[in-house]
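Same chain, two partners: subunit A is paired with subunit B first, then with subunit C.
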Partner chain A sequence: MRNALLLASCLLAAAACRREQREIVHSPAASHASGGIVRLSELQPGQPTPEVEVRNASEEKAYDINEGKRLFAAYNCSGCHSHGGGGIGPALMDNYWVYGSHPENIHDTIVEGRPNGMPSFGGKIPDYQIWEIVAYVRSLSGLVNPTVAPSRDDHMQVKVAEQSKKEESTEEKKKP
Partner chain B sequence: MRTWVACSLVLMTAFAGCNRANSTRPKQLPYIQRYTSSPATSLASVLADDGQWVMAPKDYANTRFSSLDQINTKNVGNLQAAWTFSTGILRGHEAAPLIVNNTMYIVGPFPNPVFALDLTRPGGPLKWQYKPAVISGAKGVACCDWVNRGAAFGDGKIVFNTLDNQTIALDANTGAEVWKTTLGDINQGETITMAPLIVKDKVLVGNAGGEFGVRGWLQALDLKTGKPVWKAFHTGPDTDCLIGPDFKPFYPLDAGKDLGVKTWSPESWRQGGGTMWGWISYDPQLNLIYYGTGNPGPWNPELRPGDNKWTATLFARDVDTGAAKWAYQFQPHDNFDYDAVNESTLLDLHLPGGQLRKVLVRAERNGYMYMIDRANGQVLSADPYAFITSTKGIDLKTGRPIENPDKQPKSGKVIREICPAVPGAKDWQPSAYSPRTGLLYVPSENLCMDFEGLEANYIAGTPYLGANIRYYAGPGGNRGELLAWDVVHRKKVWGVKERFPTYSGAVATAGDLVFYGTMDGWFKALDARSGDTLWKFKTDSGIISQPVTWRGPDGKQYVAVLTGVGGWPGAIVSGDLDPRDAGAGDGFVSAMSDLPKFTEKGSTLYVFALP
Partner chain C sequence: MRLLFATFQSPLHPAGPYARAIERLWWVFFAITAVIYVLMLIGFALAVRKGARRKQADLSDEATRSGARFITIALSATTVILIGLLFTSIATGRDISPVDDKVTREIKITGHQWWWEVQYAEARPDMIVETANELHLPVGERVKLILDSDDVIHSLWIPNLHGKRDLIPGYDGVLTLTADKTGTYRAQCAEFCGLQHAKMAFLVIVEPKADFERWLTAQRLPAPFPKTADQQHGQQVFLTSTCVMCHAIKGTSAGARTGPDLTHLASRRTLGAGILPNTLGNLHGWIANAQTIKPGVLMPPNPLEPNDLHALVAYLETLQ
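For the complex of A and B:
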């Protein structure tokens, strides 16, 4: 029992450690992918084959998500998506994702742009910042670990803090 | 021209003596011209027939008054839906259909198809339709839904604008493309949403994008070829703004050289806004057009010290050359995004004291009803028609609003209860004026806001705002009101309160009726004198468009309106925005969170007639 407790607190400490980590020099592959193919469709003909699985390192770091939040305003994402409720662009705090909610999907959305008015930011934002923004975007609908999500706003409160945002749903839903 | 004379004659008689109790006003305008079998092509000839609706504002004076009186206070209770038509686009419909030579022309929201419906046959079957080739990305720089406010007719052509900055002229009979021209760039944040106005041989077009730091302009194209004739910018040096020797502003506030440069911090006029996405009026006798410009960018006023000319400014220009005759800046250093693009209604009024004045009347976004001498730009009066905290009045000596120091936006500080909110006491949705009652019927909004200034980064093609905002209902809780304003006696006579902002245009008729629609989907007819609701009809979706009325080839009077909620206030429905973010939709969603309980998206034209 004591051992188990010790182990648990060790693990917690390790996790907290990653949570507080700030990488001043970002390695080019801050995040990495493994597995198969990025898919946007739930339909695949024949035998299902594995999807790509991306570990977005920024999603585990409070500093990175906070940076993502700052960058979301600095690159004017907030001008089109507000604080996640949407405006010109769709809401990002709900569970409707036209182009997918996985980190790699959101990364692709930001880099490639989307045909109905989402600008292509590829080549305009350094990749590590894109991953930070991806982590922040996912925090808007409660898709990251709440302990790493921003807990407060220095500005007029227009919505609940990201940290208190419950995950929208376990199942990602596509827009009807 | 002839109509103009007839119209001003009527207005003059209507106000002769200005004795409202002893009404000797003519019952209706005479029908000047009956339908002929061969379609008239010139704008002057179709304008002469008041049974048609040949430009979105109805006439150059922007009265939206029709002399038709077959549908009137006595029989309007029997009004019925005659037929319908769907544009198939589930986004905000703001356009006024046109009715010219027994054909109805409708422009839809983006991708901006044009439909011509044959009114000589039962049910108005499709005569032709035209689908422009458009750039899908334009939707990303349309601040306030994918709206379009209508087409224009002239020289046998239907001329309209697309969201992606094209102006296109079609043969009104066949729908064949005559010319098209591209006037702006979506990668600079430009779009076009306004209804063009045709005057003589020119098409007048302005850009939108005040939320993207674009540089605003109005230009005149040759109606025959689409080639630009003149272009007037609304920021920058005098030569760009077509401000020259003829320019004689009434107030010292607007006098000086290159104010479009000097009233900005260095170079910031290049991203200064001052777009033109609203209404233009035209006075054929003075040969002047009148229109106002949009807000300065960014919204946070601390980031742009100075008067920021020529944003939020009313211009009078020579229509042939574009040369500015006078200008009047409603909001020097606009603090609250109070665009000045609303319609100027041109009236010849006998004011108390007796003399006949050529004026223009404007229900401004800042909550004041302005009466301005349209020959020289003098503000004769500016009376509040809504609840106002943002300013303490308009100083008629200097022309400047009297600022309320408690309500000045600041960076990093939340200023509360600023009224009216950004969309104004009235937005672009046009009023109607009846010469029979002397009343202006104003679709208005009752909204206040909390405003926090933020940093703003200029990145071309992305929003340039620098503000955190949320709106909510003003005093009384009703978010809208259709109010009747006595223009001569400068007072509100009555008002019909609405749950949601009144975001549709109004139409007044010689049947003493006022038509308008509501965002919860009711199309209504009011008694123009008492304001009593005489008839209403529940449509499929909220109404934010401009109703029209005409006389069909069967001699019957018809009324039509497009439904399809959206626009800025309706984006919560048309764009599925999430009200858990009170700042969504640039702050409008917090004031509209219950709209989805009242309406869904729509796209239907409703035509009404007596049985």
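For the complex of A and C:
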């Protein structure tokens, strides 16, 4: 019995480790830029091919979601979506989705663009990074496991962070 | 081993007044501690010999008193020497902190994981020079480096010119320095900042004023339009692929600032933050898969068709 418990807890611990998995060096294959995934029409010749369910592996890894967060700012998604709060583009931290909230929907929003002003990033962002961004976008509205999601962005805090207030430059000191 | 005796990255080969003050302090500390070390070893050897000869410990009042006197003298000497060193250190600290801020030029250096952004400040925005991983300085001029970081804390260390100064996100650090000897020196990040911290270096090129001005003027120009069909194809590859998400080439539609500015890439001596000579072969390898050269680098692999890659490199080679 003791042994069985021990074994079970070891297995559970091993399963939980995905959170800390980091794929730091990505293969060239994962860096290809792919096209859309979601079928835009129900009509198909012959018998409909079954839709495959998409699982975003990045959604289980804290490191990947954090990379998504970094890229969201680096690729200037923030310029239009303001760190998730919305601006030119809609807010991404609410539970209202025009084009769907599933990973494959958000993937396609990014890759194909959307007609009312969302640019198409197809061919401009490697695929593994798109999946990281998808995971981060979903984390904004609590759609990923809270144990892997990052905390709310600094830019969306009510108060300014203490350490970003001071300036050391000599010009500052000269002012009365 | 070659690096151990290298003069291009060494505080013992100063190329400026501040580094010279630091070097002087280094030698003072080294001389005093070396003498003390030798004296200690001699004393230790004498004590061992004396102890080995004696059968029994000498516990007479006379011996205890002379021992206590010796310890008092040694302790006072230690205190005096330490306080003396403290004052030399404070004096050096004053020597290397400028009392006024009369400088000829301000240069902003921003640390990124794991490369350096360099910007020569100028009143007119179109005169600002933007480059990366290479700092050019005119010899004899007092310049002010303004240090900032885009992500985590880095630290700038140009051993031949000055001590270390941290680059802290959202906080402008200042390092004022003068280089009075022309030459090429190597700088290194001196604060652990992640996976590729060790491969975050850059070259500092101290040159005569005329050469410096010529360099600065050339850096202000936008990239020329490519001439041959191959180079033009390469430009198309650059502008239509992932590169534009991270890099800027002035004079084209690429304007992203996530990675180093490539407008004058071919004029730089190194690639990947001072780790590779800027050669054709290295450039091919870096673009195809920088991860094999600098694992974890924030530039993804680029699975391009061979002829696209060749054209792209041919285009980048025109960015003088």
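Descriptive notes on the structure:
In this section, the second predicted complex is superposed on the first by the 111 of 176 C-alpha atoms of A that agree within 3 Å, B and C clash if a C-alpha of one lies under 4 Å from a C-alpha of the other, contacts with A are read in each partner's own complex, and residues count from 1 in each chain.
By definition in this document, a contact is a pair of C-beta atoms (placed from the backbone, for glycine too) under 8 Å apart; a residue touches a chain by one contact, two chains touch by 3 or more.
What you are looking at is a predicted structure, and each value in this text was computed from that prediction instead of being measured.
In the superposition on chain A, A:A74 contacts both subunit B and subunit C. By the touch criterion stated above, A:Y96 is placed in contact with subunit B alone, subunit C being left untouched. Once the two complexes are laid over each other on the shared chain, residue contacts for A:P146 go to neither subunit B nor subunit C. When the shared chain is aligned, subunit C comes close enough to touch A:G123, but subunit B does not.
In the overlay built on the shared chain, the residue A:G86 is in contact with subunit B alone; subunit C does not reach it. Once both structures are placed on chain A, subunit A residues 74-76 are touched by subunit B and, in the other complex, by subunit C.
Residue ranges on subunit A touching subunit C, taken from their complex, read 24-29, 31-33, 74-76, 121, 123-126, 128-129, 163-164, 166-170. Taken together, the subunit B residues at the contact with subunit A in this complex read 136-143, 211, 412, 414, 450, 452, 454-455, 457, 459, 461-465, 468, 470, 571, 575-586, 589-590. Contact residues on subunit A toward subunit B in their complex (touch as defined above): 73-76, 79-80, 82-91, 93-94, 96, 113, 115-119, 155-156, 158-160. For subunit C in complex with subunit A, the touching residues are 101, 146, 169-174, 195, 240-242, 244-246, 256, 258, 288-289, 291, 295-296, 300-303.
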